[in-house]
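After this come two complexes, each holding chain A, first together with chain B and then together with chain C.
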Partner chain A sequence: MIEVTKLTKQFIRKEKYGWRTKRSVFSAVLDIDLSWNQDESIAIVGESGCGKSTLGRMIAGIIQPTSGHLQISEASEEKDILFHRKRMARLVQLIPQDPYAALNPVRTIRSMLSDPLRYHRMVFRHEITDKMTELLELVGLKAELVLDKYPHQLSGGQRQRIVIARALTLDPHYLIADESVSMVDVSLRLSILDEMKEISRNRRLGLMFITHDFRVARYIAQGGWIAVMYLGRLIEIGPTEEILQHPQHPYTQALITAVPILRGKERQVEQVWPRSYELQVGQDPVGCAFAPRCPFVKPICELERPVFHSLDCKKKHQVACHEATSRTIIAKDFG
Partner chain B sequence: MATIVDVKDLSIVFQTEKGVVPAVNHVDFCVNQGESVGIVGESGSGKSTIAFGLFDSVPSPGKIESGEITYNGNLSIRDLEEEKKRQFYWSKISMVFQAAQNTLNPILRIQNQIEDIAKAHRMDKKKAVQKAIELFETMYLDAKRVLKAYPHELSGGMKQRVSIALALLLEPKLVVLDEPTTALDVISQAAVLQILDRVRKEKGISLVFITHDISVIAEIVDRVIVMYAGKIVETGPVQKIITNPSHPYTQGLIASIPPLVGDLQSTHGLQGQPADTLHLPQGCAFASRCRHVLARCHEKQPPTIQIDHQSEVACYLYEEGRSDSA
Partner chain C sequence: MNKLVKRLGSSFLIIVIVTTMTFFLIRLMPGNPYQVMYHQFLMQGMNAQQAQDQVRSILNVSPNQPVWQQFIQWFTDLLHGSLGTSIQETGVPVTELIFNALPWTLVTVSIGLLLSFVIGIVLGVISATKRNSWLSGMIDNIGSIAHAVPAYVTAVALLYLFNVVWHIFPSSGAYGIMDTPGLNWSFISSFLYHMALPVSTYVLTGFGSWELAMKSTTITVINDDFMMAARLRGLTRQTQMRYLGWNSILPLFTGFMLSLGGMFGGSIFIEGTYSFPGIGALFATSIGSRDYPVMEGCFLLTTTTIILANVIADMFYTKLDPRIVD
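Moving on to the complex of A and B:
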């Protein structure tokens, strides 16, 4: 289980005014509490700039949190930072966002995939090719066709698969996929998602999928969890179907309203639109961060920050909003 | 309803080192006044090339091999002189390019860019700016701030709306939008689409949307043209395409959109790799990925078959006498 408590990441922002530099603190991720089991999948949904990628990178150990605590139950406390990094790499792997930027253009697929195997002494030297073939098969690629190629010789979908295969080289327990299909054509998206779902099921991988698309979130986190982020904070978390059917935070409702629906298959029951279409990044108000855009804003929202609470007794579906009300946004259309 | 643009037998080829790529292959379609049409296809299906074809400005090494593009029933764009054509663009038809937020000039304030358009089209600068302010307001933009801003001071969604406003500045009859929302967040995407739909209904202009994701445009187009490997494989009203697609490719495309409600069992991806336009087969290009493939699919191109008065499909499955087996 990965358990995250009060995880915060702040960046120092420098703005130049002539010869003077003004420094300000920018909080990308703020006080996030989250826990997730190895055999579950969780989708993190939010607009760009909400800190969802930063959260993923912190959990993967690529950047250090400013404060807060990250506990992976399989990991023991290590004092040595280098050793710790090596340990972490075998537990959590990140699939980066852009498959075009994530692969070194001057190295062949073979050299990219074999490096981690050698460094971490995963297999004997003579077994490396077999292991790579097995990995590539897992993501639906033929080893003899791609192993000795350079990234530019592959299509976008193939690159995406290579990046997934590379993340699997160390047999991690957790996989964090950052917008992994946003660069891929719709027709190819689903086969990649299917592969990721199957791999995570077969290997009991804990999958965290970061996305802005509720369709993708529902498909990948089927039977799992959806967490919605806004300006660095978690605002709602719950079981996938529960979030989609009965969203309680106005922001979640607005995000679901904004998904273009297929009329004839889906029907919009109610619409919730934010008061402004632009996300204002940078401020951290005293009250609820969504208050300036919230259509249901009340005086209390600007004065007091809402805490996570649950409306049902099972405490599964939690929301941080003073005015949380369950609304049905979409339903099945039969005609 | 008057026809705004009529495309007949359009073929566009790209002469590359590896051979000739037929990007657009004998395509016929038309757009009526006030209509909004979506052109849907994978990358490499020739949908963006069609957009450039509509402007008779296919980027080199591509060229229009054959075909006729007529506006308003009598004006053939390929016969226009260069100078006339420049006047024709933007005042009669305009385009919002792919990644339109990067098409604004980074070193000019938005106001100067508007004045540039006015100058090129011999329009009064003040009038143009006034018009732009109105357009910005319909797009929920703070006109005062936007006019004075450089592109880098605006967010992606704002830049996108600015470029749409610029495309509408000279009140064209037809606007072509190439992937207008791909780089945007869900909420700004919904806002941009809503604005476009409203502007279309208010001004009676025609819109052509080019996209790879049919779910994005499903709510705002009347008619959908599905392309595969440079050919139109199916056309029809959007409701029919979504609920009852005919061509196996369209069926696969619709089935690969995960639903927001209901079960996920019927959702499955398309099999195989996208068509290689350099080595197109003799028969139907989709045959190698098709689940209902017949022997003659590999031999000869399927004819275009009329299903009802609005829908057409290019597939052997719907030929006379065997429509039941589909």
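Moving on to the complex of A and C:
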């Protein structure tokens, strides 16, 4: 299980005014509490700039949190930082967003996949090719067609599959996918999502899918969890079906409203539209961060920060909002 | 292969065009040596015919011949492998002068260029990886200042400091007067001793641009997702540096080959200051004394090396970078 408590990442921004530099602190991720089991999938939803990628990279261990704690139950505490990195690499892997930038342009797919296998001594030397073939088949590629090619000779979909295969070379327990299909053709998205779902199910892989698209979140996290982020904070978390049926936070409702629906399916009663589409990054308000955009804003929202509370008795669905209430807004049958 | 032949063919054409143009251009400069010699003989009391014959017997060129006829004669000689004879050092073949000067320049400039490239690359990587520290700013500033100071100023400054003030390095020549060139230790050590200042000048004026170029390419590569992926997979620091270095050096390769080709041009200002008997000094003195055949020979050499280096860079680049397909 991965358990994250009070995880925070702050960046220091320097702004130059002539000779003087003004430093300001910008919080990309603020006080996030989250726990997530190895056989579950979780989708992190939020608009761009809300810190969801930073969260993913912190959990993968390639950027250090400013404060807070990250506990992976399978990992033992290692003092040596290099050894720690090596151990972490076999626990959590991250699939970067852009398949065009994620592959070293001057190395063949073979050397790309075999480097980690050799370095981590995953298999015997003579088994490396077999292992690579197996991995490539897993993501739906023919080994003899791609192994000795360079990245530029492959299509976007093929690259995305290679990136997934590369993340799987070390048999990680957890996989974090950072907007993994946003750069791929729409026609290929579904098959890649299906493959990721199947791989994570077969290998008992804890999948964290970071996305801005509620449709993708719903599809990938069936039976799992959805967590919604806004300006670095978690504002709502719950089981996927629960969130989709009864979203409590106005922002979640707005995100679901933003999903276009096909003609013929009626959206029910009130729709939630944010008052403004501008994301205010930088200042950390006293009250609720969403208050300036919220259509249901009350005086209390700007004075007091809402805390996470649960509305159902099982405490699974939690929301941080003063005005949390179920507003039925999604299409009736979304299947 | 076919492509190589094509490239060489077009390069040959370019060389011919450039040398033709320089042949006519240098004759536009004031001070025609043929005319000067002709008038000297006239003043010594010869009549026009005698003076003309005298000039022809010494320099093998008629002073009043039209330029295009001179060109045809020079070009046919060139096709037979002869660059003519020097005017200043009367009767000495230009090829001999060039081949005597070539090794000195070739060795010093190659060493200087390689050193400045390596130093620039290393400093560039350091500056890029420590981007937000004072070290990076210091390296960048030193690099751009050293790059901004003209080579001949650096040369004079070094000469003043290390020769006049501190008496550490010799002021002129390529080797001591007691040594004979050859594969003996005394000559080699003397040569290294004498080339210290010229090589330092090449390094000081050269490394800045490599450093700045390397820094900018390294910063682009370091932020690429595949570098993050390498860290993510827990690869060693050496492997990561190999990924980083190779990807950031590639764009600099063409520039390196081109400056290797332009090495003779750069040596003009430096070798003169150190009285170093290389191509640059030969070039400078030949321009000063309007020694047409030597100037043409030097121009031919410079043009040829630049263009050949260009061809080689093109050919190798497709081998080094798999993204470029020929």
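Assume the second predicted complex is superposed on the first by the 327 of 335 C-alpha atoms of A that agree within 3 Å, B and C clash if a C-alpha of one lies under 4 Å from a C-alpha of the other, contacts with A are read in each partner's own complex, and residues count from 1 in each chain.
Everything that follows uses one rule, which is that a contact is a pair of C-beta atoms (placed from the backbone, for glycine too) under 8 Å apart; a residue touches a chain by one contact, two chains touch by 3 or more.
This is a predicted model, so every value here is computed, not measured.
On the superposed chain A, the positions of chain B and chain C stay apart, so the two partners fit side by side. Touch criterion met: A:104 reaches chain C, while chain B stays clear of it.
By the touch criterion stated above, A:120 is placed in contact with chain C alone, chain B being left untouched.
In the superposition on chain A, contact is made by A:216 with chain B only, not with chain C.
A simple residue count on chain A separates chain B from chain C, and the partner touching more is B. Contacts of A:85 after superposition: chain C is touched, whereas chain B is not reached.
In the superposed model, A:191 lies in contact with chain B only, and not with chain C.
Looking at the shared chain after the overlay, A:204 reaches neither chain B nor chain C. When the shared chain is aligned, chain B comes close enough to touch A:244, but chain C does not. When both complexes are overlaid on chain A, the residue A:258 reaches chain B alone and has no touch with chain C.
Between chain B and chain C, the shortest distance over C-alpha atoms in the superposed arrangement works out to 12 Å. Note: no residue of chain A belongs to the chain B contact set and to the chain C contact set alike, using the contact criterion stated above.
Listed in rising order, the residues of chain C touching chain A in the complex are 224-226, 228-237, 239, 243, 246-247, 250, 321-323.
Interface residues of chain A facing chain B in the complex, by the touch rule stated above, are 47-48, 155-157, 185-194, 212-216, 218-219, 222, 244-245, 254-266, 274, 277-279, 330-332. Across the complex, chain C is touched by residues 57, 60, 62, 82, 85-90, 93-94, 96-98, 101-107, 115-116, 119-120, 150, 152, 163, 166, 169-170 of chain A. Per the touch definition, chain B reaches chain A in the complex via residues 42-43, 140, 155, 157-158, 185-191, 193, 212-219, 239, 242-243, 252-254, 256-262, 264, 267-271, 273-274.
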